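Have a look at the structure below before the remarks.
As written, the chains take the letters A, B, C, D, E and F, and residue 1 is the first residue of each chain.
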Amino acid sequence: MSTFGLIEYKDASAEVRAIYDDIMATRKTDWINNFWKALAHDPPTLKRTWKDIKQIMAPGALDPLTKEMIYVAVSVTNQCNYCIASHTVSAQKKGMTDAMFKELMSVVGMANETNRLSAGYQIEIDEQFKK
Amino acid sequence: MSTFGLIEYKDASAEVRAIYDDIMATRKTDWINNFWKALAHDPPTLKRTWKDIKQIMAPGALDPLTKEMIYVAVSVTNQCNYCIASHTVSAQKKGMTDAMFKELMSVVGMANETNRLSAGYQIEIDEQFKK
Amino acid sequence: MSTFGLIEYKDASAEVRAIYDDIMATRKTDWINNFWKALAHDPPTLKRTWKDIKQIMAPGALDPLTKEMIYVAVSVTNQCNYCIASHTVSAQKKGMTDAMFKELMSVVGMANETNRLSAGYQIEIDEQFKK
Amino acid sequence: MSTFGLIEYKDASAEVRAIYDDIMATRKTDWINNFWKALAHDPPTLKRTWKDIKQIMAPGALDPLTKEMIYVAVSVTNQCNYCIASHTVSAQKKGMTDAMFKELMSVVGMANETNRLSAGYQIEIDEQFKK
Amino acid sequence: MSTFGLIEYKDASAEVRAIYDDIMATRKTDWINNFWKALAHDPPTLKRTWKDIKQIMAPGALDPLTKEMIYVAVSVTNQCNYCIASHTVSAQKKGMTDAMFKELMSVVGMANETNRLSAGYQIEIDEQFKK
Amino acid sequence: MSTFGLIEYKDASAEVRAIYDDIMATRKTDWINNFWKALAHDPPTLKRTWKDIKQIMAPGALDPLTKEMIYVAVSVTNQCNYCIASHTVSAQKKGMTDAMFKELMSVVGMANETNRLSAGYQIEIDEQFKK
């Protein structure tokens, strides 16, 4: 339903189209997903969010696939259905195999479990972990 | 403070010591961190949790460093201070450089932000993401 | 689907109808949304929840629109789809413009991001913030 | 403890000092809080985060105090202790009275409660809320 | 540190003392914990919160110990340190044995794990669960 | 939609069928819910998760119904729709009455509220709760 609806390329302003073009060029795709079409109602947020993501997700000390899997890990932890669907596909396009996805899920599940055991048992941080 | 206190190696039962030994051997360290010393009050949970973690964190389709960084990503998203401290050190021991940590934090921050933009704008999942 | 189904006005007990009437009178609407129709299966909870919300959301040191936007901020952070949908409409009815909604989303997104950066970098609270 | 420690003004690079200067000028303060001193280890993140916050928190359709209270609402929902401490003080400096803080907490508490009642009763979104 | 400090019995107004008295009588203790002393700065919230908790935590279809353990489960899931500490002690006073606490933690950990596996694998709700 | 689809009994490997059989025997049902059919794409995770759940949810210091309600409490707190739907039905099959469900929801809602009040007021843990 999206609060304000979605802005398609043909209906977008020149400012928004320029960002859509950059998204498609950067991602080597020929379509824009709903996230950006919804944000397009707020061009400053569209611009800022895309610029940030483009910078953050670019190859660096971590490769793009690892970054995409971290994105999935966070989205799963937060139960964000849209983000799980979109970033799982993005990770697959960047080379995530089924085997990698399955291990990713196992780690995310385990971490969510031990995060609670640590909290529940009220465990203090070891001196060795404080540098 | 830890709800039941911590069980040191010298005070541990043979059953618990065997797990402590396996943890130290697997991780190539000579000490046990508080998480395990607290869980040791519940040997079945200690045993199950260690066995699961050992299986899940072993090298596979994903390398151990990537898995450890995913663990950090989840722990940061959940605001689990103990887990952030311990898994950051574990990741560093497995080769995470400062540059990698910084990019990891950027991705985690960004994902937490766009998770909420997606929810807040009530964005529907694109057909393309539904396979 | 709602666990117990929804109780419509015409099927409600006198006790439940009295609360429905008060909700409609207070909110100046002529219908009851599903949240209350579901809670109506548990009259003490229906009564307590409505009484609390009526007290908390009334004009005070904060105006009703600000309160409603805070409600949206929490609901978005928690990924509660029902609450996002209902409180966004409530905020709009109380005067939230599209421009206000967009800024609200930006702040919520940003706060969710820096909450994790603070946790991830294990930042200690400044003495100046401890009063 | 902060993962990398804190970078004080006197030890900062010219690039970092320029941001510190802008933070102090924008906020009309003569000190930098730990959040920025920790992020300073990663100048691109420091720069991006400050630029985003400066844009997002500026006066607009919502006034700066309202934005700051929304920041507190999110931080409380996420149990981010650092952010609660720092943004509560920021909100107080922007004019949040004790009475406003108390109402803010009441709304945040209530929203967190009804978010779960909505989820727990599996309540469907009303047609009226779908536009 | 508590935002407004704590209000001790001797410094409390008659209105606040009456609630403190009821808390101590209901719980059969001779002291008030910090949660209430902090809320006492906002008497309407103190009164409403205590009244709600008194009603909700009273014996009913669920016994008080079960309710207290559910409280712990939620608090652990949310990483609320204060609530974990206080409700664990409350549960112990109501009869929670060490064995019960350990099983409680196991269930909470497991539920947090499978919650993420369900989300991550994007699993649809079975028709059988929709009644 | 489930990321990899669902594996029906007739299409399952002998290894997976053995687990399906054990699930149905343990739960005294004649069907397998989607959670397991999705996990079946990753037999080690299917096996480990079922083994853990079977151990953890078995009668012990806590009875199975109490455990199932704790599972619901966590799932509701995490807004996991699949888990809420499935574990609510499981709890009902183990004897949860409507009255019990309603009280469960009240406690979960209240705990989520006071978790935030504790965090928001920055309340320190009482010495009495530190053992």
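As a convention for this text, contacts are C-beta pairs under 8 Å (C-beta built on N, C-alpha and C of every residue); 3 or more make two chains touch, one makes a residue touch a chain.
This is a predicted model, so every value here is computed, not measured.
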item: For subunit A and subunit F, chains touching each; value: B, C, D, E
item: For subunit B and subunit E, chains touching each; value: A, C, D, F
item: Copy pair subunit D, subunit E: interface residue numbering same or different (half cut); value: different
item: From subunit F, the most remote chain by mean C-alpha position; value: D
item: Most remote chain, CA-based centroid, reference being subunit E; value: A
item: Distance between the centres, which are taken as Cα means, of subunit E and subunit A, whole angstrom; value: 34
item: Distance between the centres, which are taken as Cα means, of subunit E and subunit C, whole angstrom; value: 21
item: Inter-chain centre distance, subunit C versus subunit F - centres from mean C-alpha coordinates, in Å; value: 27
item: Touching two or more other chains - residue numbers and ranges from subunit E; value: 1, 3-4, 45, 49, 52, 77-81, 85, 88, 102, 104-106, 108-110, 112-115, 117, 119-122, 130
item: Pairwise touch network: line, ring, star, complete, or other; value: complete
item: List of subunit A residues in touch with subunit D within their complex; value: 1, 44, 48, 52, 55, 130-131
item: Residue ranges of subunit E in contact with subunit A within the complex; value: 72, 76-77, 79, 81, 84-85, 88, 104-105, 108-110, 112-117, 119-122
item: List of subunit A residues in touch with subunit C within their complex; value: 1, 3-4, 41-42, 45, 49, 78-80
item: Subunit E residues touching subunit B - in the complex, by the definition given at the top; value: 79, 85, 88, 98, 101-102, 105-106, 109
item: Contact footprint of subunit B on subunit A as seen in their complex; value: 1-4, 31, 33-35, 38-39, 45, 49, 52-53, 56-57, 60-62, 66-67, 69-71, 73-75, 77-78, 80-83, 85-89, 97, 99-100, 102-104, 106-108, 110-115, 117-126, 128-130
